[in-house]
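We just call them A, B, C and D in the order they show up, numbering each chain from 1.
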Amino acid sequence: MKLRLGMIGGGQGAFIGGIHRIAAALDGLYELTAGAFSSDAEKSRATGVLLNLAPDRVYGSFEDLITQEKQRPEAERIQVVAIVTPNHLHFEPARLALENGFHVILDKPMTFSLAEARQLKEIASASGRKLCLTHTYTGYPMVKEARQLITNNIFGPIRKAYVEYPQGWLSAFEEGTDNKQAAWRTDPARSGIAGAMGDIGTHAFNLLEYVTGLQVEKLCADINTVVPGRRLDDDGAVLLRLSNGASGALVATQVAAGEENNIRIRAYGDKGGLEWQQVDANTLQVKWLDRPTEIHRTGTGYVSSFAQHNARTPAGHPEGYLEAFANIYRNFALTLQAEMAGQTAPPEALDYPGLDEGIRGMAFIENVIVSGHSDKKWTEFTV
Amino acid sequence: MKLRLGMIGGGQGAFIGGIHRIAAALDGLYELTAGAFSSDAEKSRATGVLLNLAPDRVYGSFEDLITQEKQRPEAERIQVVAIVTPNHLHFEPARLALENGFHVILDKPMTFSLAEARQLKEIASASGRKLCLTHTYTGYPMVKEARQLITNNIFGPIRKAYVEYPQGWLSAFEEGTDNKQAAWRTDPARSGIAGAMGDIGTHAFNLLEYVTGLQVEKLCADINTVVPGRRLDDDGAVLLRLSNGASGALVATQVAAGEENNIRIRAYGDKGGLEWQQVDANTLQVKWLDRPTEIHRTGTGYVSSFAQHNARTPAGHPEGYLEAFANIYRNFALTLQAEMAGQTAPPEALDYPGLDEGIRGMAFIENVIVSGHSDKKWTEFTV
Amino acid sequence: MKLRLGMIGGGQGAFIGGIHRIAAALDGLYELTAGAFSSDAEKSRATGVLLNLAPDRVYGSFEDLITQEKQRPEAERIQVVAIVTPNHLHFEPARLALENGFHVILDKPMTFSLAEARQLKEIASASGRKLCLTHTYTGYPMVKEARQLITNNIFGPIRKAYVEYPQGWLSAFEEGTDNKQAAWRTDPARSGIAGAMGDIGTHAFNLLEYVTGLQVEKLCADINTVVPGRRLDDDGAVLLRLSNGASGALVATQVAAGEENNIRIRAYGDKGGLEWQQVDANTLQVKWLDRPTEIHRTGTGYVSSFAQHNARTPAGHPEGYLEAFANIYRNFALTLQAEMAGQTAPPEALDYPGLDEGIRGMAFIENVIVSGHSDKKWTEFTV
Amino acid sequence: MKLRLGMIGGGQGAFIGGIHRIAAALDGLYELTAGAFSSDAEKSRATGVLLNLAPDRVYGSFEDLITQEKQRPEAERIQVVAIVTPNHLHFEPARLALENGFHVILDKPMTFSLAEARQLKEIASASGRKLCLTHTYTGYPMVKEARQLITNNIFGPIRKAYVEYPQGWLSAFEEGTDNKQAAWRTDPARSGIAGAMGDIGTHAFNLLEYVTGLQVEKLCADINTVVPGRRLDDDGAVLLRLSNGASGALVATQVAAGEENNIRIRAYGDKGGLEWQQVDANTLQVKWLDRPTEIHRTGTGYVSSFAQHNARTPAGHPEGYLEAFANIYRNFALTLQAEMAGQTAPPEALDYPGLDEGIRGMAFIENVIVSGHSDKKWTEFTV
């Protein structure tokens, strides 16, 4: 049976809501059944009509969605809630959903603050329900492959890692126009204490920790607000010290005019290293100290079970961002379905981002902003 | 309302059926409602279970699917039939579907022979129903853009065009293993008179005519069967004469060991030209005689309405093969929905491959095989 | 001791003369000692001044250069003549040089006609002197590597080969301007019976035969003159049948507006294949049926002795066109020096293009033009 | 007349000496006339033989070279000295050469210490002789183009710049083998206080300041010695504050196993930005906030006079590292020749690295090492 999904947020004009709906639909594992698409009941209703939802499953508030769905018979009510609102509206709906027995899919960063994130983990643990965080980039097959290669230690211990996420879309004062995406992402009341660091720095951070299997232990951040009038950071570069003593560097900026979304990671051991970047998402460059670089590709027979599990097409038919997103939805669904069947999902399906990644992401935001204000070189990464 | 879709073919072990289902699901415009997934009723039923279909909407033959669905109330019965069987099983289901009032989505090549294709066009015309052919590659946003640039004559009249589709997956005698895809594609009884030319040559041909807006008028083909024991061609190169007098070349092979699916097109006028290839699908290179090459990208604000209409994500978040496929499904749905509403769909939605492309594709197969056997250099392209 | 070099042609406004001079100078193996840079004695003299030549070593005709240099003491006179004139002025100076005991470096194509080429071979054989032909592209380290990999049969017998040389610089009627390069290359009296086929088609043909180690046995050519008013072909595509039964395709055009000089070759056996292109000249893609593509690179330790011999810098410091050109000069010098020392040069040094490649190139020109005019599909490749 | 060149260092087994000789020879502007190739007179002599030098122009020490050449008649003695020894042997020969009236070409980094660099500038000023520093990468045509575009302010003021130089060749303890290059570069007595930062960090630093036209004012460095037993740094990442308030990041490492020499720079203003990397040295990506990225290429007609001046071949015939190196030699020669003729060289020729770049490079080394040891985040960049 498809999992019945309710969505909070994602009305007209939103960006990420539509992405979540495609990701949920793509593999036929979810049925979008209910929604509170806007806190404006009329707007929520209009979105529901466009999405062909039954009118009585469209709500004017997330509270209504959760409480009223809970009243429905178990075989009919939604099972999973996807929360796709701005950051300041993550915690409350997630808390309510978990406490009322729903599983949760949450857009990143997990919450508005680290304190909320810690609290949410406790709530989730107490609830017995699961939470999935859509750190999209770790859904790419070749990112999975990258992690597997490093996990299998083919390069020797990682000694250096670079991650970068250059964007250009906030090069001008977009929040002064009618750009809704820019408006909330640069607003401390909705985005939190960080701008670029929260929006894309967390992605870079998550990608680094996921691929290397290491954790950031110290950091030294140069955090900037480049565009005059902007209220949050739009640029940063961060020196890193990782859990095995390796060093790293993280760069994230939203003022690299002309750049799209080419998040990229490189990591090196003493025998070789790897490079992956979104612009060529189905390629993983595997480099060696003394033999030719290899081009590992999505959809081939030689990649790991993790990479194969997260692909749908033969090599050369590119899988993209929506498929990476859908992999997270799919793995979460397979995990939930296995649990419902009293089984444990295979490791490939269990490999989706959740509470721990969410907490570390929020800790990154707080630590990187602290470091940005500090005169000391190194700031301990505290969680 | 979502369009109710029935599928013929696409049971376990099939490749393209799953792709069609994702393409149909991705934008939430179709509901897979019924299916005859195999001519083995038991297998069909098993697939239906996996796909969460109501048991009474799963049939053991395409005839049952069509005749029994037709018995259902109009508000409940399927509206569109997707046919994803091998080539020899295209015509009959398509005919029956059209004659019984269903719209048809058909995998390419359209039929087993050109004669069938011509006949199908007549049947479709008489039926008042529409037919969509899934020539995937023309669904890519940057292929749309390529066509628009040439349509707008920015390069001057096209003087030279190259198209190529190199694959390596049939480099060995795969039909001697349990590879089902190889088995039917190399079997004259199921594939038709051509192997590689039908399977991928038609894609290359369609891409060339779509992008340039020109038609092939003469051709000179070198058609080869490279792998010993194979019964159909697995390789070919074709010189072309186009409708405006331009020349071209088409290459398609399935024995380029190590190649994936990197279909590629280049076309040139006297002021400049363009290049697109699937491996970098979101990039269109626009070249100029006397100024820098431009990199046109999916998801940007400067591309044509056709390219924008066929994209879902901001620039830099790659759209892939499944999105290209879904664009064909989506445009067909938008066209049907407009018609149902008594309207005409916008040109961007009407831009999907159909009967005419199907007939030209079948004519390509027949002409290219004739030329391959001919001692004459040029063979007229007859339809 | 450096080899004393005399140059014929290469005065002001010429392109290839300067390239030859750099190629000769780069490794310090030649000393440009004399020249007849122009048939206009005054112009020749002016070039000699710019090049710091002794005035009495600068001549007003190639006849003077050869006959007067021959009068000089052996320890002083030039040893090698480089001929860098348009095609119609290749044979006579080469003949005279060889007959007077000089070795010859000749720009391609070897002569004005195949008959001249055959004759030149006989003259050279009789003279005991050597001739080197500057088919630049086979001088690249990664082209050497490509040939070695195929020679070592790592892919299995070659079954398919593609070569292409797209240029755009003759997209307009350049011969109507003061473009000297365009003028002679499109002039039947100076270029011969072919334009693009002679200028760049021969390069593509040579690259194909060199890399694959196979010979063209039949061809089917579509030869076009695209630009109105032009007197020779500026575009062509050719189907090929190779000596082991493999098929191939060759494309060369000078009207692909916006293309530079991206000559490219691909060849495939049943286990894998390779791809090289000038735009990324230090990379050889080595592709496999069932494992990752490998990126072989100039300057690494794992490439063949032929690739290593023809490189000067560590990996990642790109070697370019001038180094490829210089490799031909260098290998010819090493061969001559070994001979002078009564030794045989190592195979890596002996690997430079010469008379046989020149004759086959001229045969290509004649056969491809015959085929272009023929209504028959296949033309035997006769030499 | 060719400039008569004497070389100090560059005997058998050296790497950079051969590069300098090719760079000097390539354009025919220098004649290698004398040399002290080794402090071992026998070895120096042997190298002289290989290079076809007159035996009496080959010396056993740099002192002999300089003092004895000075005794020769002016029309015969060398005019320029190229110093290609390890860092600790830069200052003394340079000083002596300048003080004795020779111009100097010096490999980077300029000296062993910043104090030496400052002193050398004074000596040079007093001598009236010129000094050229071979910061190779600024010799590439597309690096010239990058600087010109920024100088012409087409992107608006630069707000962010990234430069990186990843190498892998010191991933193992190479200094424990017979690798001479590794031996001196990791030896504090010969290399100075820095390893990677001096060897390649200075290149990255120079490239950044050259392209952006800005100067580093503060830095925050993470400097590491990754390989056990190594005595100098082999890795570093540096946060930068530039003279216009912009921020930047510099990465240089010699332990990125599998990386070659892909030095790369990116810089952004508010309208767009640019990207250049050595692996694709003839391409400059010019990016725009709201229109397609442009691919600027070496050898085209649309690039600046600086880019055109530093190229020798038509677009598509790649120019490489040796040509970039030769550009520095050539520009220095053109500058000297103009001066000898009582003229001023054109700005394109005057654009070569010299004393000021050398001093800033040495200051970078000292400041970056200080910062690496500091607990403070920011260290003022002092010269």
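One rule holds for everything that comes next: a contact is a pair of C-beta atoms (placed from the backbone, for glycine too) under 8 Å apart; a residue touches a chain by one contact, two chains touch by 3 or more.
In this text, all values refer to a predicted model and were calculated from it rather than measured experimentally.
*Asks:* Based on the averaged CA atom positions, which chain is farthest from chain C?
*Replies:* Most distant chain from chain C: A.
*Asks:* Consider the two chain pairs C-D and B-D; indicate the one with the greater count of contacting C-beta pairs.
*Replies:* Greater number of contacting C-beta pairs: C-D.
*Asks:* If you average the CA atoms of chain B and of chain C, how many Å lie between those two points?
*Replies:* Comparing mean C-alpha positions, chain C is 43 Å from chain B.
*Asks:* Can you compute the centre-to-centre distance for chain B and chain D, using the mean CA position of each chain? Integer Å is fine.
*Replies:* 55
*Asks:* Express in whole angstrom the distance between the two chain centres, defined as the mean CA positions of chain C and chain D.
*Replies:* 34
*Asks:* Which residues does chain B have that touch at least 2 chains other than itself?
*Replies:* Residues 259, 293, 297 of chain B each touch two or more of the other chains.
*Asks:* Give the list of chain A residues in touch with chain C in this complex.
*Replies:* Touching chain C from chain A are residues 286, 290-297, 300-302.
*Asks:* Across the complex, what residues on chain D touch chain C?
*Replies:* Residues 1-2, 15, 18-19, 21-22, 25-28, 32, 51-52, 167, 169, 259-262, 278-281, 297, 299, 312-323.
*Asks:* Which chain C residues qualify as touching chain B in the complex?
*Replies:* Contact set of chain C toward chain B: 155, 159-160, 162, 166, 168, 171-172, 220, 222, 224, 226, 235, 237, 239, 247, 249, 251, 253, 255-259, 266, 268-273, 287-289, 293, 374-378.
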